[in-house]
Structures are given as C-alpha cells and as structure tokens.
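Two complexes come next, and they have one chain in common, chain A, joined by chain B in the first and chain C in the second.
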Partner chain A sequence: MTAKTKKKLLSFLFQLLAIAVGLLLIFPILYAISLSFMKAPEILTRDIKLLPDSIQWENYRKALQITTLGRYMINSVILAGVSSFIRVILASLSAFAFAFFEFKGKNFLFMLCMSTMMIPGDVVLVTNYKTVASLGLTDTYLGMMAVFLLSVLNIFMMRQYYLTFSKEIYEASRIDGCSNLRFYSRILLPLSKPVIATVYISSFVSIWNTYLWPMLVTNDDKLRTVQVGITMLNSADGSTIYGPIMAAAVMVLVPTVFVFVIFQKQIVGGMLSGSVKG
Partner chain B sequence: MGKKFGKLEPYLYLTPALIYFTIFSFYPFIKTVLSSFFVLDANGVVKGFAGLDNYVKVLTDPLFIQSIFNTLLYVVLASPVAIIIALILALVANQKTRTSSIYETIFSLTMAMSMSVTAMIFKIMYNPNIGIINKLLQTKINWLNDSKYAMLSLSAISVWMNIGFNFLFLLAAIRGVPNELLESCLIDGATGFQRVRRVILPLISPTVFFLICNSLAKNVIMSGLPIILTQGGPKGSTTTMIYYMYKNAFNNMNYNYAYASAIITFLLTLVLMLISFSFEKKGVHYS
Partner chain C sequence: MKRFLSVLTALAMLTVSMAGCGGSTASSSSSEAAGSSSAAVVDSGKRLSDTDVAIDFWHHMEGTSAVALENTVNNFNETVGKEYGIVVTPSFQGTNTAEKLKTLAQAEDWGNFPDVCQVASAGIPVIAGYDLLVKPEDMYAAGENIIVPREDILDNAARTFTYMDELCALPFSNSAILLYYNKDLFQQAGIETPPATIAEMVDAINKLTVKNGDEVETYGLEVQVKRYQLLNFLGGMGEYNFLGDNEGGRTGLMTKTTIGEDGSLMKFLDEWEKVIATGGYKAVEDNINEEFAMGMTAMAIMSSARIAKVDELTGGALNYGTAALPTVSADDKGGVAVGGSGVVIFNKGDELRQTAAWIFQQYLAGEDAQYTFCTGSGYIPINRKLYESERMQTFLAENEPMQAAATSMQNSNPNVQEPFDMVTGEIDTIIDTEMQNFAQGQDKQTTHDNIVNQINSKLAEYVEVNS
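Presenting the complex of A and B:
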C-alpha cells in the first residue's frame, strides 16, 4: 500500500467516524421522525423499536386536524424573519460605532449595552407586557416582535468580529474619501457576511423557538405561533397522541432546518475569512 | 457636516439601540427593582412601602432556597459540558474533507431545535415505560418524576440543545485561525495537542468567552423546561429561580414574591457574569 492510498483510507475512515458521531448526536431528531410514522401500538410497545413497520401519514393528518398548524407556521416565519432582519441592522450599526470609533463615553455606553445581557428577559416580562399593552400592541405582529428586535449578544458578536478587522482597511478607505456610512454599507457589511449569517440564523432560530412571550401577547388564535400550537397538542391527554405530537414536531422542525441548511455555507466560510489577505 | 458632525456620528449609530434598550430593558428593570420594595396586590397595584420585607419572606421560603441550589446545579451541569463537547466536535470538523459539509451540518443541527419540540421528544424518550432511554439502558428509572434524576434529565436536554449553537461559533472561530500560523507551528514540530493548546485556544478565546457568557445568561434564567415538562417538581427538585418567579407572578398573583425573587436571580446572574468577565481579562487574546 502506498503512502497516498493509506492516507486516503485514513481520511475515509475519519469521515465515516465523524458522520457516525453526527448521527448519534442527532439521534433524538431521527427517532422523532421515525416515531411520527409509527402506529400507536408500535410506539407503545415495550420492545426496542427504532424504525416504523411502514410509512403512513395518519399522524400527520391527525396533527393538522387538531390544530391550524399552517397558519401558526406563517405567523412564526413572519415573527422570526422580520425581527431577525431588524436585529442585524441595529446590531451592526451599534457594533460599527463601538469597533471603529473613538468617542467620549464609549466604554460606558458599551458596558451599559452589555449590562442588558445581565437583565434576564423573564425578569422584565410582566412590565414589558404592560408596556406593549399600553401601546395597544397586543394581538399584533409588532407586539409579538417588540422584545426581539435587538439583543446585545448580537452587538457583542459583531463587535468581536469587527475588532479582528484590520484598522488599515478603515483608515485607507477614509483617506480615499469614503464616508463612514459608505464604508459601513459598501465595505464592512459585504465583508461581514459570515457574521451576519450567524446573527440572522441564531436570531431566527431563537425567536422561532420562543414560547412564553408570543403566547402572552396574543389571545387571537390567528396570531399564534407554532410553539403554542405544539403545546396545544401536548395538552390533549392519552398516550395515543404521541404519534401526532411527533408528526407536528417534525413539521415545526422542517422550516428551521431548511433555513439553517441554506445559510450553512456562509457560516462555515469562517467568521474571519474575507478580511485582509494581503 | 464637518468636524462637529464627525464627533456626533458614532452616537447617531448607537441611538436606535440605546432607545430600544431603554424601553425594553432599563425601564422595566428599574420598575421591577422599585416594585420589589413595595407591597403589591394581586393586580400589581402598590398598597404601601415594604422595605426589605419581600426579600425576607422570599429568602425564608424553603422552596426558594431550594430553587437557588437547583439553578446552580443546572448551570454547573449544563454550561461547561455543552461547550466542551462542541469544542471537540469543532476540532473534528475543522479539517476540510470531501464530506465535511455533511457532518458540519449535522453537528450544528441541534441549534435549529426549539425548546418545546425538544422537550416533547425527550418527554417520550424519558418515559419510564415506553421511553427508548430506559429500554436501551434496561433500567426502570422515572427520569422526570424522580427527584434524584429530574434536574439531571433537564440538564441533559439543555446540553444537547446547546451543542449545535456552541459548535457553530467554535468552528467559525477555529476556521478563522490563519493557516500560516498553523503551518509555521507544524514546521516547529508542534504536536496536535500542542497546536490546540498553544495556537488555536488562545486565538479562539474571544469566542469561548462569548459562549461562556451566553451559557451562563441562558442557563441561570432557564424556566422553559420545567414549565413544559415538570412544573417544578417532583418535590420542587426542578424549581429554578425564574420558574419560582413565574409561578408566583402568573399562577399565585403574588407580585411581592415574584419581583423579589426576580431581583435575587438578577444578582446571581451578575455574580456569575462578573466571574466570567474576570476570566476574560486573564485568558482572552484579541488579535
């Protein structure tokens, strides 16, 4: 065996092992998909049963009958999609100021922003509800988005990213007569695609996943999100509901996984790639 | 335009964020702090000054004391494990191979999972009779209803959920380590482990610091899993501090307990955050 084929074989085994570890990691997801196709007796058996006897869609039909899952999904997509977009804009603007400017009170303002991270959202839940209610925003999309429009973690993340930028690009573009706003929109943002993707995806997922706030500010069933829809299935009693719950769970998973896989490439490009390379 | 505008410019970029934080973080926070020193009725209306009474009452409530320990246990069980596992996965995925994009996606997939969906899946897996975990381990443990195991079970869910998020950030950071640096230390004859410790870890430390802060903040205020899965039980073993607050605010309409416990939770978060900030000074290198 030549050194080259040996190296190839080792790489092949390494990849095989990595994928095996990955499948083990996402076992709960695979198992949920499998359960969603099982008939009640198959789920309730005391034997180890990893795969359904046959693919049948009965659980999916039942899940869609019990709730208006389609409508819930549209609501969740609007909530998560729009809020995350606003987050990227607000966070990148703030991070731009913190990373590229020297100004009075910069450290203080940065610590002030950072201190919001230490204010747990749940602590201020009741007061925020009252604020949103007094603005007449209950049962509106804006009310649902209100507490998700900015997270200091996003500012922090983007600032960390910008700090790794060479200051030379900024200074060079300034000397070339490029205004700050132009540098931000034409140079900084295009160069920060990886971190934007990261912020957008992590925001989208975390907002898609929130349960308590959207439930608190909406009474109208038409505005409910998928997370609430899922818990409605949960409240139905009896163990025979396990199949439909898993079917609903799988349907809720699909959009996030979809968004996730699409944006994956931009993230793995690396948070630092695209910066100065000579 | 001119110099004056130049001086004001950074503040302009910060204004939207500052206004937003004022309305949805600082104002409600200050209001919560102030309210915790007053006697409130079931509608949240002020009935009189309470001083430290609310705090004394909460801190002498055995359930609240228990919830402090539960929360700390949860943080200790969940935060480091999720970061360490993610770091190992990120080191595995760092090397680009023909299939690396496949396992990268798989490793990060748990990030796409929602709390309620995950809770529902694990609920079935933890089921003492039909759950796959007991079947595989050949045990009969009542994972969520046994006070010995309930918090451990919730922590395991949290670790699983956070692996993907942590992995994604660590991988991006590791990929950001300049190749020239790694190559030059290969020439110096550094072994794989030395490379990780001397070159990769220092360079990715801003990311690690970010993840530690993020995990602490997330885990100390955790309330979703007990709300969905255990209702704080059995025997209060999964009552976290925020769950205690939540129950008092929304079920018992006891805003006195709710606000005081909220502020105490905040103080605990603060201590943990300060610890990780001091860690930043010692171990984080910015390039």
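Presenting the complex of A and C:
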C-alpha cells in the first residue's frame, strides 16, 4: 500500500467515524421528531419503532392546546434575545477596557471578575431574588433578564479576541484624533463580528434553556418561558403524554437551531479567534 | 455601522418597553386587588364586595392533572365564585411550590406570596412557621363562611395536614400507595387473588417471573424502595406505627427515628430479603409506569395517582387491577399513609382576599371540586359525602382500579402518616441507597444499621442547627 493510498484510506475511515459520531449525536433529536408524529400506541411498543406509520399533527395541536406555548416562545425570545444583546454590549465594552486601556490594578480587576465564575449560581439565588424583589422587578421582563445581563465568560472571550487586535491601529486612530468610543463603535465592533456572533449565540442558547430563575422571579402564567411550558406537559404521577411533549420539544428547538444554522460559520471563526495570541 | 447602531438603539428601546409591559402586568393586578380591598361590603346576597375579589392560586400540577385543575378552578369561577364575587387565577409555579415559598420567605418578600397555594404535605411544618399562614383550624373555630364542614373531610386526610394538633391546610390532591397487578399474567400463572402480605407476594413473584436462561423476560415485581415506599410498609405495621419520636414529627420536632428500636425495620428487612431472593424482583425503577403497562413486570408498587397514567399509556387495553399494599405480616391493620398535596391560604393584610381565599380553599375540598378533579386526574377524593353520592359510586363502579385506592385510603388508620422528618430529601437518598445495596447483596444487619444511624445523624444535624 502506497503512502498516498494509506493517507486516503485513513482519511476515509476518519470521515466515516465523524459521520458515525455525528449521527449518534443527532439521533435523539431525530428520534424526538419522529416520536412527535407518532400516535400514543405507536410510541409505547416493546419492539423498536423508529418511524411513525403516518405523519399526523395531533401532538402539535395538543401541545399548543394544553399550554400557551406560543406565548411562552415569545417570552423566551424576548428574554434570550434582549439579554444576549445587552450581554454583547456590556461584554464588549468591558473587554475593550481590559484589552486596550492601561490603568492601575487592571489585572487584579480582571482576575476578580474571573474569580466570580467559581461562585455557583444557586448560592446567590436568594440574594439575587431579594435584590430583584426589592427593586420591584418581580413579574417583569426586566426582572427575568436581570441576572443574565452580564457574563464574565463573555467578557473573557471578547478580551481574548481583542488581544489579537493590532494595538497599532488603536494607537494610529488615537493620534488621528479618534476618541475611544468612536474607535470602539466604528473600528473595533465592525471587525469583531465573529466573536460577537459567538457570544450572542452561546448566550442565546444558554438563556433559552434556563428554567429556575424565570420561574422564581415571575408568578404570572403569562410570563412563563418555553422550558416551563414543556415541564407543564410532563408529570411524574399524572399522565405523561409523550407525543405532545416531543412535539413541544421540537417546536422549542426550532428557534435555537435556526439561529445556530445562520451563524454557525461565524461561531467557529469566533471560537478559534484569540486561541493563538498574535 | 449606522445600521448597526440603529438596530442597537431599536433593541434597547424594545427592552425598555418590554420591561414596562411586564411591570404594567404586575401593577395592574395589584391595583385590581387594591380596588377590591377598598370596596365596601356588599349589600345583598353572598357577594363579598360590589367588585369582584381577585385572588391568586399557585399550584404544581402538570400534564393532564393540570388540565383537571384548570377545569376545577373554572367551575369555581363560574359557580361559587360568581355567587361570592370571587375570581381565581391559577398559575403553575414549578414542581415544588414549598421551595418557592421558602425562597420568598428567605428574601422576606411577603408581598409576593399568593393568596392560595398548593403544597405537598412534607412542606407543612415549614409553612406553619410563616406568620402569613391562615390555618383552617382557626377559620373553622371562628365559624364564618363555612361552605365545607370539617366533618366532611376524611380523618386520615385531615391528619396528613395537621401539625402540632392544628389543621394547617385542607387536603386536595391525594393518593395512596397500591399494588398494581397484571390480571392476564396472574391468570396464566394460576393466581386468583392479589397478595395481601409480603410472604404471599414472594410466592406470586416466583410463579410470575419468566426467565430465558439467566435473563429475566418478565419480572414478578418492580419497586424501588425509597422513603415513600418504606414509610408505608412500616407505618401500617400493627394498629399503626410512628416512624419517629413526637408521633413522627407531628407533635414536635422529630429528633430521631424509632424504626430501629421498635424492631419494625428489621421485621420488614426479614421479609424483603425473601423478595430479593426470588430473582424476579426488579429493584431499580427505570420507567415503572411504562414497564408495567407493557407487561414487562407482572406487579408494581406505586401511587394511586398513576392509575390515569397507566390507562393513558395503554389506551385502556391493559387488563390490570389494583390492591392494597401487601402488609409485612398478616396481622398488620394500619393501612397506608395519605400522600399528595393540600391547599394553604395566606393573609396578606386584605380581609376580603383572605375571606375569598378561605371560600376557595374549602371549595377545593368540597364535593364538586373533588369529583371534577379526581375523575379527571386519578387522585382519590377526600370528601366523605362525595363517597355517598351516586355519581361517585357510579364512577368507582366503572373504574375498578380506583376502588382499591379509595378503599385503601378510607380504611387506613389516621395515625399512619408520612413523618414530618424535615430532611426528607436526605432520608430518601439514604433509604434508596441502602435498599439498593441490600438488593445487591449487602447483609441485613448492615442495611438496618446504616439506615437507622444515617437517618439519626441527618436528623441530629438538623436539630443542632434549627432547634
């Protein structure tokens, strides 16, 4: 076997493995989609049944009928969309300061910010609730968003990206009379699209999947999010309706998949940017 | 860049406006409430005020039980609610409302407490400590606006929500642990009646288990013995059996478990050892409802609240029955503990709302609500009069599995109760772990000692911090 053939064979095997792993990872989602079209007796069989006998939309109708999933999706879009947007603004401004400014105690401040990543969210749950409640923000979108508006991980990601940015461009623009804010908004942000997309999407997905905080800080059913909506379909003791649950899960998945597919190229670019400091 | 900044500005404005929307929601409901409280007392009929009194009802029902609950609340709003001028708004608050109340209490956010809340019985001792709690005990003593007399509530269901000799909540969604058995598999094995004791259950498991070589194709019995299951086996021993001091934490703080010193745990383990030895016992519940529904297990021990689930899973096609939980020995008479949730009310400084909450709380324990909710969800009614009614008797006659559930609850001694053990989660983990180890070969004495010592250790820690 020549070296070239060996290389081709290895490449083929690697791709085969990659496809197998990919299929393994996506299988639960594909199976959930398939289940969402099955009737109840088809779901509960002793034999393995991967595909529905026929496509029927009853489970989707039931899911929308039992819970106001449409309303919950709007709430989740507002919560995840707006919080992620503000996160990008705050993270990029903080990262800008940490990457481009020189001031006393900069590294200490940065490490202090980083150290907050070690505090589990559950520990500060009551304290955060107390703050939000005393501000009169319970049962409001702003109260739901309050704890998601800033992420130290996002600051870190953006700072690492900015460190790869040429300092000379910054210095040249300063000499030409460009203010910090103008540099940030006219030069830095437009050139940071990959990392902005990465931060926005990762943030959107994580907030979209949040359950506990929005549940705690709101009492009104109208302000529930999609994750709560799915829980409402499930029941440990009562009857679990697998078809509608799967239908709801598929519907809930659509926005995140949609956003991910659109921005995936930028996400990869953003993840890699900053990994090697130039 | 201009476009980017304009999008940014637009989104920022959206944020502010959305925050405003949410805020207005809250303020509108509070202003509505304020309106109701300031209204004058009614001139005629039963109305509490000339404007409707709006109250919040927090619940933890999901799935079809949530639909049954919504129907029950709608019925109230259409009937008794209209009569008294009360409008109830139900809202789902996660699976553990007591935890949410606890968080609010820790944050001293009493203003956001609901008027009415559904809570699991285990949460009662903590909730009894909230100043806002209005106890049905006091309301019945005051004797005002009684629409469901206390005597209508089954004694054991009432005792489930009694702490320090005071009724703290009214029962609402209640259940009892049952033995589910597959009638077809019983017939094939030549068994005529469901087992009444663990010893009889051992015989049944031996006959029902189907093996293919070393692999079990059909298990005789499936149940994962955790706190809920163990307390029912032990609680029904003799006439009744308290599982801890101070009547299992009902007349004072439970500081130790008594299942070791009274010998009840060892007696149970003696019998359970024989269940494990059959080789047809499945000690880990993967999906107990589904496995039973598909005939993979011939018997299963689970809450009566799952009857509706088994029916739904099989579309009513499974030929199964339910029976009382097998007793540890033939002369045990205690029965089982009432499981499930009750409803508490809070006084937020508005007398009208408190009265409205009291009327709604009683309604939920009344005949109509219990019938609507229980027939729609699979929970067992707790209203004595309802059992005497024709509609309930017809329902029970048509729903055989529910009969055993109702009989089991009615025949149980009120002293057989879930203990108020305060560290419920930890005790559940201890029992689960040790009983799993027992099923996998750990010796009886070690299992016994580990359960008793570890529970006492957790209780001692709690007492040290909280007493």
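Assume the second predicted complex is superposed on the first by the 240 of 278 C-alpha atoms of A that agree within 3 Å, B and C clash if a C-alpha of one lies under 4 Å from a C-alpha of the other, contacts with A are read in each partner's own complex, and residues count from 1 in each chain.
What we mean here is this: a contact is a pair of C-beta atoms (placed from the backbone, for glycine too) under 8 Å apart; a residue touches a chain by one contact, two chains touch by 3 or more.
All values reported here derive from a predicted model rather than from experimental measurement.
Of the two partner chains placed by superposition, only chain B is touched by A:Asp122; chain C is not. When the two complexes are overlaid on their common chain A, residue A:Trp57 makes contact with neither chain B nor chain C. By the touch criterion stated above, A:Thr140 is placed in contact with chain C alone, chain B being left untouched.
Looking at the superposed arrangement, the partner reaching more residues of chain A, out of chain B and chain C, is B. Judged by the touch definition given at the top, the superposed model places A:Asp221 against chain C, while chain B stays out of reach. In the overlay built on the shared chain, the residue A:Leu44 is in contact with chain B and with chain C. Using the contact criterion defined above for the overlaid structures, shared-chain residue A:Thr231 touches chain B and also reaches chain C. Within chain A, the residues touched by chain B in the first complex and by chain C in the second are 44-46, 125-126, 231, 234, 239. Across the complex, chain C meets chain A through its residues 1, 4-5, 8, 11-12, 14-15, 18-19, 21-23, 25-26, 29, 56, 58, 61-67, 89-95, 100, 103-104, 106-109, 112, 114, 175, 289-290, 293-296, 303, 305-306, 308-309, 311-315, 377-378.
On the side of chain A, the complex with chain C involves touching residues 40-41, 44-46, 66, 78, 81-82, 85-86, 89, 125-126, 129-130, 133, 136-145, 185-186, 189-190, 215-216, 219-224, 228, 231-241.
For chain A in complex with chain B, the residues that touch the partner chain are 11, 14-15, 18-19, 21-23, 25-26, 28-29, 31-32, 35, 43-48, 50, 90-91, 93-94, 96-98, 101, 103, 106, 109, 112-113, 116-128, 131, 146-147, 149-150, 152-153, 155-157, 160, 163-164, 180, 194, 198, 201-202, 205, 208-209, 211-212, 226-227, 230-231, 234, 239, 242, 245-246, 249, 252-253, 256-257, 259-261, 264-265, 267-273. By the touch rule above, chain B contacts chain A in their complex via residues 7, 9-11, 13-14, 16-18, 20-21, 23-29, 31-32, 44, 89, 92-93, 97-118, 120-122, 124-125, 129-130, 132, 135-136, 160, 163, 165, 168-169, 171-173, 175-176, 206-207, 210, 213-214, 217, 220-221, 223-224, 227-228, 242, 245-246, 249, 255, 258, 262-263, 265-266, 269-270, 273, 286-287.
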